[in-house]
Structure formats: C-alpha cells, structure tokens
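Common to both upcoming complexes is chain A, partnered first by chain B, then by chain C.
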Partner chain A sequence: MTDNSPLARLMTSPEGRLAVIAVAVFALMSVLSPDRFLSLQNMTSMAFQFPEFAILALAMTVTMLTGGIDLSVVGIANMTAIIAAMIMTRLTGAGDGTAVMLLALAASLALGMLAGLFNGLLVANLGLPPILATLGSGLIFTGIAIALTGGSAVMGLPPAMAWIGNSTILGIPTPLILFAVLAGALSLLLTRTAFGLKVQMYGANPLAARFAAIDITGMLIRVYVLSGALAAIAGMVVMSRANSAKADYGSSYLLLAVLIAVLGGVNPYGGYGRIIGVVLAVLAMQFLSSGLNMIGVSNFARELIWGALLIFVMIVNTWRPFARRT
Partner chain B sequence: MKLDWTRNETLVAVVILGFCVLAALSDPGFLSVATLTDLLRNGIVLGVFAVGVFVVLVSGGIDVSFTAVAAFTMYVTAMTLNALMPWMPWWGALAVGMAVGGLLGAINGVLIAGFGLPTLIVTLGTLSVFRGFMLTFIGQKQITTLPPGMREFGRMMLLRGENADGSFYSLHAAFVVTVLVVVLTWFILNRTMLGRAIYAIGGSVESARRIGINVRGVQFFVYVYVGVLAGLAGTIHASMARVANPFDLVGLELSVIAAVVLGGARLAGGYGTLTGTVLGVALIVLVRNSLIVLGIPSTFQSIAIGCLILIGTGLPAWQARRAAARAA
Partner chain C sequence: MTAPLVTLDGVTKTYAGITALDGVGFSIAAGEAVCLAGENGSGKSTLIKILAGVERPDRGTIAFSGAVQGALTPRVSTDAGIKVIFQDFSLFPNLSVAENIAMTAEMGAGARLVRHGRIRDTARLTLDRIGVDIPLDAAVETLSVAHKQLVAIARALATDAKLIIMDEPTTTLTEREVRSLLAIIRLLKADGVAVLFVSHKLAEVLEVCEHVVVLRNGAKVAEGPADQFDAASLTLHMTGRAVGETPPAPLPPGAPVLLQVEALAKPGVFDDVTFALRAGEVLGVAGLLGSGRTALAKALFGLVAPEAGTIRLDGRPVPLGDPIAAAAAGIGYVPEDRLTEGLFLTQSIARNIAIGRLDAHARGGGVLDLSALWGETRDWLKRLAVKAPDPEAAVRSLSGGNQQRVVLARWMARGPRVLVLNGPSVGVDVGSKAEIHGIIADLAAQGLGVIVISDDLPELMATCHRILVMKGGRMVEDLPGGSVTTDGLAHRLAS
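For the complex of A and B:
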C-alpha cells in the first residue's frame, strides 16, 4: 500500500478495520437514535450486558491461539455456577453471606480450572482433536449440571452475590471492570511473557515449536486450565446477574463466543490473534445489538446481522481479488 | 471374519450390541417390533442429516449450518406450497424442499469454494443468517396447516401393526427415503470419480489439485449436496410432525456431528465410511431414547453421549499414538 494517510494505514490491519467498524456503528446508532442510544442509561445498561459473553470470548481466544477451540466453556460456566450456588444455599446462615460467597467463588474457580485440566489432558496427553474433546467434555459438564439440579434453577442466593453482576464502583459497572482487568491481564500474559510467546509460536507452527524444544504438553494444559478459569468467572457473572444458576443458561453464548473471537481477527487455525481485536469485536456487537434494539429491530434480526457481519469481515480479511493465486 | 479393533465401526457395533443385550436383560419388552420401529422412526431425520455431515467431513470441511437450512427450508416450502402450489403431490413437495435447501447450500458453496473462506466460520455465520432471516422476514408462527402434498406424505406408512397389548406401532414411509439417501451417497462416494475426488480433497487439498482435480468445483458440489439433504430432512421432519415450527431442529447440529465422528469419520477429512456413520446414528438414537430402559435416568443422557464421544475418539487417538511410539 503506497497511500500513507493515517486512515489507509489503519485499514491495513484487521484490528484497525474493526476499530473503524466499531466507531462507524457507534456513530450510525447515535445518529439514528440520538436521545436514547447516547443516554447514560443505555451506556450503563450496555456495560452490564456484554462482559458475561465477552469473558467467554476471551476463553475461546486463548484456545484458538493454539489452533484449538473450547466448546465446553458454557458447560463449565454453568456447572461451576451451580456448584457455587449449591454451596451458598446450603451454608448461608446469618448476615449477608460474604464469607460463604467467597468460599463458593473460590470453589467454583478451582472447579473451573479442574475442568480445564481435564480438557487439557484430553488434548495434550491423549491427542484428541480439541473440537471433539471439548464437545464431549462440554456435554459431560452440562450433564453434571443437569444431574445435580434435575434441570431446574438453583435460587435463594445470599444478597452479597448480587454485588459482582449488578453494582457499580465509582459509577462504573463492576462486570465491566472485571472484564477490563481480565482482558488487560490476558493481553500482558500473551504478549509480554514466555508463556504467551510459546502459545503464539505453537499456534503458528506446531512442528517448529516442537523442534524448538517447547514443552507442548505443559503449555497446552495451561491454556485449557486458563480457559476453564475464565469460563468459571463468566459463570459467576451470569449467576450474579440472573440471581440464580441453571444448566441451560447462556447456551446461545457458545457460538456467539466463537463468532466474537473470529470477528476480532483471531485465526481459528492458530498463530494470530490480539486481545484488543476481541475487545473491539465485542464493542461493535454490543453497539449494534443495543442500537438495533432501540430502533425497534427484533432479536432475530440481530442474529441475522451478526452472522452477516462475521462473513463480511472474513471476506474483507482474507479475500484478495487481485492477488496472485498460489 | 477377524474383528479389527482399531476401527471405530467395530467399537460402535460392539457398544450397540452390548447396549441391546443389557436392555433386553433388564426389560424383556425391549426386544419388540414396537421398539425397533420407534428407534427407526427417530433415526430418519437424524440419518439424513448425518449422511450430509459425513460427506462434508470427508471433504475436510465442517458444516454447522445444516439445521438452519433445514428449518428455513421446511418453513418456506410449507408456506410457498400453501400459497402458490397446493396441488403439488408429496414427491413434488420433497423436490421443492431439496431445491430450496440446495440454493441455501449454494450460498455456503460460493463463500467456501469461491472466496476460499474457512468452512467452520462460514457455516457459523450462515447458521445465524439463515435463521435470523427466516425469523425476521418470513415468520415466527408455526404453520399448523401443511400443504396437501406434505400432509399426504405425513400419513404414508411403510407398515403398521398392533402389539399384543393392543397399542399400535408403525414405520413411516420416510424411512425408505433415508435408505435411498444412504445408498445414493454410498454410490457417489465409492463408485464415481466425484466421490474419489471428495476423499482426495479431504486427504490433501494440494495433492488433489496437482493431480488435476477441480477442487473448487468439488467443494461447491459438496455444500450444495449437504444443502439438498438438509432441505430434504427438514421437509420430512415437518411432514412427520405435521407442523412446520421454525424453532425446531436448530441446536441439533453438534449431536449430529457427534454421531458422525463416533462412526469413525475424522474432522481432518479424507477418512471414514458410511457404515460407521449409520452405526453412529444408531448409537446416538439408542442413547437418546432407550437409556431409561437400563435404569439410567434421562438426566444422565448428555453425560452418556459426552463419555461416548470421548471414548469413541480417544481410543483410536491413543492407539495411533501407541503405534507411532512403537514405530519410532
């Protein structure tokens, strides 16, 4: 590209194009529905809505960087949330239950990591294709959640639990802060540590990574444990916002998480992906769905537009009509 | 004949036999014509889907949009026939369904073969697009009065009879369609150059291109074929259910892929047999419908299917690893 104007430079990277799309969507919605879309109420409501599936998308991103995928994230989120909810409903006595809540949250995080470890062992030690390993384990985790509850919701959580999903700190919604911290930490982990470098190298070329004497088994296990932990955190946010836990909450989030990660420029075959891209993709999606909601478009049209956006971005990212065929 | 334990087909067949023996021991009533026809009926739509998914997996791709294609097709077919062509006989209705499905499949085909986009992402996108388009622009209410052709097909039975206790059993004529689909697909895959080309692309796209296979043409055919089968399955589903509910079918895609993979097809492509696919479907149908006979509550259904997937794909992977370690 010989044109050196700032916009043209921005358009050469997938993240740049995504930033342009996010800003364009924001501007369009502001013009179409200025008094409602730009209201403070809408901004806070959006900030409460997206972190739960955005955190799942982060989990998906980590595994996709290694050329894998984690189809069990929603299963892990629901299973860990149900176990945390059961601990809380059994043990809560007097008070607002903060101590019990912390215990339950620690247990659910540990359980999420354990579930991730199970995935990691299947992928790294047994050599199962990630898509099948996590499809199978996801069914098992969902199955455990159904078997524990008989399919009904666990309710009666202590009041303290509502804090994670519904409160604000200095006027900023807590789930948004949680997502920002997780995204920032993950970005640092992937770009500034040896572990992150190994993940990127393995995703780009597994064979070369093996010959570079990278401990692939250990690295893959850590990736899936990380994904399990993120899924468990997403489960806590969902539980707090719904004030209950159920085996089939967020089942539509699975494909949405994959969609966001891919829209964010993450290569599903591994080797390329940046957290900033995923964040921009989440924002673009949320602006689009809230804005469409305000101008009275049904939820089903949102599905249509998400799918169309995904395909459009993929065409722009990969199709080079004038490039020479290899 | 010596059993080859490294093949998924053997494994799945043994598990099915074991399941049936255990079920018969715990409830002698399990071994009856009624149970058999019930299971076969449940396998009709799943079987047609699975054959389509199998062809895509062999070609090295994956399709998650087929349930949306089926739902879209059955809804649009029922609506169009009602409004424009109520005189259409049952075979005409099925043909219209196949045509609509084929058109939607062609959209996948253009994006995958034409633009060269990754199959998982394209079909993930079209899953949302087809479903969203239907629910936004075409309708959300279920169609309870199907066109005469589909109603006629819904009433067609292959055989019917009465059990000892006076209840009735029947096998729907659509079972013949599933059998025909399996036979036709077997013929394409194993007796034509096109079939060989599909396996070749799944094995290695580059090698296939170098021996002169028209990779794009074959890929395009594969996605249109899956669309046609999905359209057929959708039309059959609506005819048998006697209602076209746009919210049906979507959500089934991972179970169908699980059935096909259990039967030994590999996600990497180029590998697998239709026998395995049929066995995989049989196993999933058994687990979904008859787990209760073994005294396992139906809440454990997804745990059972999950375990089967992990064992069914883990065992061959582990054996391959051991063989590789021995060879090295």
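For the complex of A and C:
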C-alpha cells in the first residue's frame, strides 16, 4: 500500500475507507443473494427503513463535533411525536387533515427545539457534562411521553400523516428525500458557515476557542437546539411509518445513532467529522443488515454484526499502516 | 577516575514544532548534588521525563556509569537507580507509611505475597538511614507535606536509589522544613547518593549543591560550581542576558492615552494595579512566577474577572471578565501556552487564522464568503512571512516561531487597538525571536498599544518603552526603557 494508486489514496481518509467497505458489503451481498438483494423491491424497502435512524445519527454528529453527545434524541423524538399525534387526534374532523397535520408538525418541531434549548442551557450555561445532562433530560422527555399516554400508543392519525413516511416522489421514497435534503443542508452548514467552522474549531480545542473570543455559550446552545430539531423530524418519520406514536418507539436507535456517527469517522472527542462519512456509515449498516436478513441470518444476530463492524472499522482507523498517513 | 553516574550529551527533544530541549549536556557524579534551574517552559520537565525513560530524545546520548544507553525505558532507568520524586510525590494516600516505603522494593524483588513483617523491617531501616521518625502505621494522607516528601525519599532509597531527582522540592515547604530537608540531603550525599534538584526557586538549596546547570528555552545557558551563583545571578541566567538588540524608537511626545487601567484588584492574585498605555507604546511587565503577571494579563482580556477597578479603552469602559466584550472593544490576547491555549493543533493553518474573522465574513444567513476569507488569511500568511508550504496543512506541522506568527496573524486580522502578548517568544528559535520583535515594533509604529509580559528580560529591554515590575500582585516600579540594565532588572525581581 505504498503506491499512489487511486485505491491507496482513497484508503488514507476514514471516509474513503468507509466508502470501500460500503461498496464491498454491497458487492458481497449482491453475490450471495443476487435475485433478492439486488431486487428493486429490496432497494425501495431499504430506502424506507434507514432515514429515521439516519436522521438521529445526524443529530448525534452535530453534538459529537463539539466533543459532546446528545443521549436525549430518542426521548425528544417520541415526546414531540406524541404531542403532535395528540394535537391531530383532538383536532381532526372530516377530510384528510392536511391543515391540522401541518400545525401539529410545526408544533412538534418547535417543541424539539425547545427541548434542545433545555439541553443547551444545561451544557453551555450550567456547564454540566453533555453525557450526563442529556441522559437526565432524555429520561425527563421519555417520562413526559409516558405520563401523557400512560405508555400506550396514540392512534387514529389523519390519513395525510401517512404521506411523510410511506409515499414516493418520482419513484423515490419521501423519507429518503427528506434525509438527503437534511444531510446536504447540514453539510453546508458545517463547512460553509461561521457557525459550522466554530463548531469544529471548538471541538478541536475548547480552551483555545475561549482564548480566541468565540461566543461559546451561544454556539453550544444552537448545537443542541439543532440536535433537538433533527430529533423531532426523526420522530415525525417514525410516527408516519408506524401510523401511531408511542413512548418506547425506536429505543434501539439511540446507541445505533452513536454507533453510526462514530463509524462515519466523527471523532467522539470533537473537532473532526464529515456528513459524507455518516451517510456512508448508514449505507454500510443498512446493506449489511438487509443482506444478512436475505441470506437467512437470524434478525437476532443483527446487533452482534453491527457491533463487530464498528470495532472492525475502529481497528482499521487506528491500525498503523493506515493511520500514519492520515 | 571513575565515570560519572549519569552523563547527558547533546540531548534534543522537539514537540509539535517546539524545541523543548536543544543539545543539553552535563553530568552528575555519585554523591553529588546538582541544581537544574530554569523558568517555566525552559525544558526542565522534559529533561526529567527523558532521564526517567518516559520520553525518548530525538538526538543525543545518555550514559549510566560510562555505559551509553540505547532506548531508555522507565524499567531500565529505575534499574539503574534513577528515582524521580515528582511534586505530588505519587504516593498511595490510603496506604500506611511502611507500605508506601517498602511496596516498590518488594515488588521489584518479585514478591507475590504481602509480608507485613518484612515490609515494616524495610521501612524501619530506610527511615533510620535518613534519621527520621515517622509512625510506620500512619496513613500517608494524614501526614504533613514535609513528611510525605520524606516518605517519598525513603521509598526511593528502599529501592537502592543512586540518583534521586526532586521536582520543585521546596515550593510547599516552610523554612524550617527546608533546613531539615537539606540536612537529610547531606546524609544522602555522604552515603554516595546523588541528588538532582529541579526548580525555578533554587536559591535556598544552593548551599548543599556542588554544581549548577541553568536551562533557558531548552538550551543550557550556564553551568558551573555552585559557589559562583547567587539568587540574583540565577534569576539573570534563567531570564537571559542581553543579546545586543537595539531598544525601540522613542515614543513621540503627546501620544494619546489608549488604555487606562485603574485600581484593578483580585484578592490574593493582584491588587491595586494602575497604569496607562499610550498609542504606539510597548509596555513591558516583568515579574517572577507567582507575581500575578499572567493573571493580570488574562484580566485585561476578560479571562480572569477582577473584583474591583476599571479598564478604559479610548475613555470608554471595557466590561470586566468577558473576553468577547474585550475583543469587541479592540483588545487582543496572545496566550502564554501556545499549544493548549493558542492553537487548534489538528485544524488547518488557514482556519487557525480565520477563526477570528468568521463573523466579519459572514453574509446573509451566516454563510461565509469563503473566497474573501481564504484570500485574507493567505494575505496574512504572506505579511507575517509564515513559512507554510500549504495553508490547508494542520497547524501542528509548523515550527514554534511560525505557530506564534499564526496566532499573531489571527489577532492582527481583527485590527485591534491593544495587543497583550504573554511570553511572545517562548519556545521560539533565536532567528524567529528577532522577527517577532520586529513585528511588535511594527505594531507599535501603526499606533497600537502593546503589552509584553515575559520572563525573558533582554526581550523586555529590546522591545519596551517602559517596564513595570510586578511583585506579590502589585506594581512596585515603573521603569523607563533604557534606565536600567538587564542585571539591574534581575536584581529588582529577585530582591
């Protein structure tokens, strides 16, 4: 691997290595199960499945870039979805309820940002460690969701609500389009705006950011508000696909979101991370779990394989021959 | 004649472009006490780490009893009898005195079981050797600092120490405790054990030392028999001799007052600090460690919140304790510790400069005008002659002098009125140092007020129109530049 071939150059960045892994997983699954894995039906089904946790992984990425973490994303997603669902079930009359749905979605987005503001105040103003602040606030949000519903699902959503999670636009699943738009916007936010550069610089050295007269408090609050907003959007997609809202939906998504962010090359200590890496990590995970499912590996082995993939990529990233050149 | 116990020759070590040690060589004979003196950042700690086998030098050799060592590891170093007593002593606070003293020796001897009798015997014998009586069963956390230090010395002796390195041994001791420590050192020397004192406050241990080595900026600047040094000459060597730079051009009369600091106070740190800085003036602040000079510098930039007093810039009050407000008012601060406070090491050179100008280049919605931003950073790299092959490379790849210019460029790009430079040339080679002094003179010529805080007295002499002397948190003297020699200033600091 000392030559300058395109492959060798690709292998010098974590995103490049991940792209190679994603393509390799895709090729392997295509060979092992050509007629099922490569079918249009499977492609569409994968495209409907991953956006909900992929959006949570985007939220996780933003906080991890500052060296923090947001463990409350699933709590926010469920709480905001339940409140939106309750608004809709109370107000919907005749018709498909588009107007009521838009109102409820706006309320859920605002509520997600408010929850993020709460996290931001805990982290930026009170100086709590993000991992503990959001662990606590996540329990509060989940608690609110349980208290509001008594733990049961809120059902009877208006028909319009099904559109976000289940429709296609020009044959492309709507959740996939939503994820692509969010990922693209976030990528621009992080690389082309003052806010994005400050987030990365702060993550690289919080002390130097203070000595460089950066408004750290304002920046951190915005980071957690953004994370809360993304979590609320993920909550809407989950609600639409399940056609209901419940306090314990997506409980496995929290660690999955952390795993995808780290797999995508985001430095959990802050300062480095690219959205393209997170997107590639999402794809690699989805190819792996769908493909294994098709070749008959038990669904129960999924987490085992995800964990193994994470550790494999971590080893490759820290392994000398690769790591030295990055 | 037998070979000395330890000989260092041409030891050099660099970290991320900063030269921590530059060709340092000296030797220590058995039964000899050596003083290694130097200010913060002079390379003392790096030298200890290299002797302990924790860090590896880039160049140079270390010989034990004449035998040149290859790769030194902590294991090889302890086996050779080199024991380091760090400032915090690294004792086990919850264990007894006897256990702390004998544990390492027992483990070194390969014991797998705890034998209380043997532990007590070893501890008793070792304490007797230095003539100290400390209850063997007392928990170490209940002891005074001086007794903890004795336990640490005893632990080193129990493992057959030939050279004991003591890091800042006297800073936390009272005068009486220092005297009894010196008596013990004399006993050790009579026993053939060598001692290396490493400190910036060595005047009080000079009387038991045979030999003195002074480090400054990673290089050995003085060496000789201890009786040739006293407190003032040590300070002078640690802070440097004049290297023949010309003093700054005189300040035009009637230059307006830019920054007015009045009765600034933070109890226990600095008190009643009052001074004025004129446009185009370079003001030096001299003071030893602990004089309050760094806290004062940080207070001017809002990183330390004073409890009383005012800071006015152009007659307008600057809010205290708020770096963002201070920067907005036109005050910039170049910190003392470039690697942890000044730079984002893993980020690019360009970003390290641009961080100060992000808001200025943000258009609607916070989107950056990237071409203008990167154009400006490239312009600053050129103006300060930063030798950077690629502005996208991580800033850690630059040398110390170029890194410092990056931090300067970040602040200069903001067009400040007042720049506070804390240790502007720490860890910078001699050539870059002169260039940084040139930059300081240019800044003053443009009408900025510059405050330079430095351990390096010749640097203050070469760059400043006026030097304020700080001692015990107060401004004790206000010396016009050229009214005092480097020697005179060193005497004023040490007295």
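Methods note: the second predicted complex is superposed on the first by the 317 of 326 C-alpha atoms of A that agree within 3 Å, B and C clash if a C-alpha of one lies under 4 Å from a C-alpha of the other, contacts with A are read in each partner's own complex, and residues count from 1 in each chain.
Basically, contacts are C-beta pairs under 8 Å (C-beta built on N, C-alpha and C of every residue); 3 or more make two chains touch, one makes a residue touch a chain.
Computed from a prediction, not measured in an experiment: that's the story for all the values here.
Enquirer: With everything superposed onto chain A, say whether chain B and chain C fit together or clash.
Expert: fit
Enquirer: What angle, in steps of 10 degrees, lies at chain A between chain B and chain C when each chain is taken as its C-alpha centre?
Expert: With chain A as the vertex, the angle is 70 degrees.
Enquirer: Once chain A of both complexes is superposed, is A:195 in touch with chain B (first), chain C (second), both, or neither?
Expert: second
Enquirer: Just checking: does A:273 make contact with chain B only, chain C only, both, or neither of them? Give me first, second, both or neither.
Expert: Neither partner.
Enquirer: Based on the superposed arrangement, let me know which partner A:137 touches: chain B (first), chain C (second), both, or neither?
Expert: So A:137 only meets chain B here.
Enquirer: Who does A:311 touch here: chain B (first), chain C (second), both, or neither?
Expert: In the superposition, A:311 contacts chain B only.
Enquirer: After superposition on the shared chain, which partner residues are touched by A:150: those of chain B (first), chain C (second), both, or neither?
Expert: First partner only.
Enquirer: Looking at chain A, does chain B or chain C touch a larger number of its residues?
Expert: B
Enquirer: Considering only the touch criterion stated at the top, classify A:291 as touching first (chain B), second (chain C), both, or neither.
Expert: The answer is neither, since A:291 touches no partner chain.
Enquirer: In the superposed arrangement, does A:300 touch chain B (first), chain C (second), both or neither?
Expert: first
Enquirer: With both complexes placed on chain A, how many Å separate the closest C-alpha atoms of chain B and chain C?
Expert: 5
Enquirer: State the interface residues of chain C toward chain A in the complex, per the touch definition above.
Expert: It is residues 303, 323-324, 326-328, 333, 335, 340-347, 351, 354-356, 358-359, 361-362, 365-368, 370, 410 of chain C that touch chain A.
Enquirer: Which residues, counting only chain A, touch chain B once they are in their complex?
Expert: Those in contact with chain B are residues 71, 122, 126-129, 131-133, 135-140, 142-144, 146-147, 150-151, 251, 255, 258-259, 262, 268-269, 297-298, 300-308, 310-311, 314-315, 318-319.
Enquirer: Given the complex with chain C, which residues does chain A contribute to the contact?
Expert: Counting only chain A, the residues touching chain C are 188, 192-195, 197-198, 200-201, 204-205, 207-215, 271-272.
Enquirer: Residue numbers of chain B touching chain A in their complex, please.
Expert: Interface residues on the chain B side: 64, 111, 115-118, 120-122, 124-129, 131-133, 135-136, 140, 251, 254, 257-258, 261, 267-268, 297, 299-310, 313-314, 317-318, 320-321.
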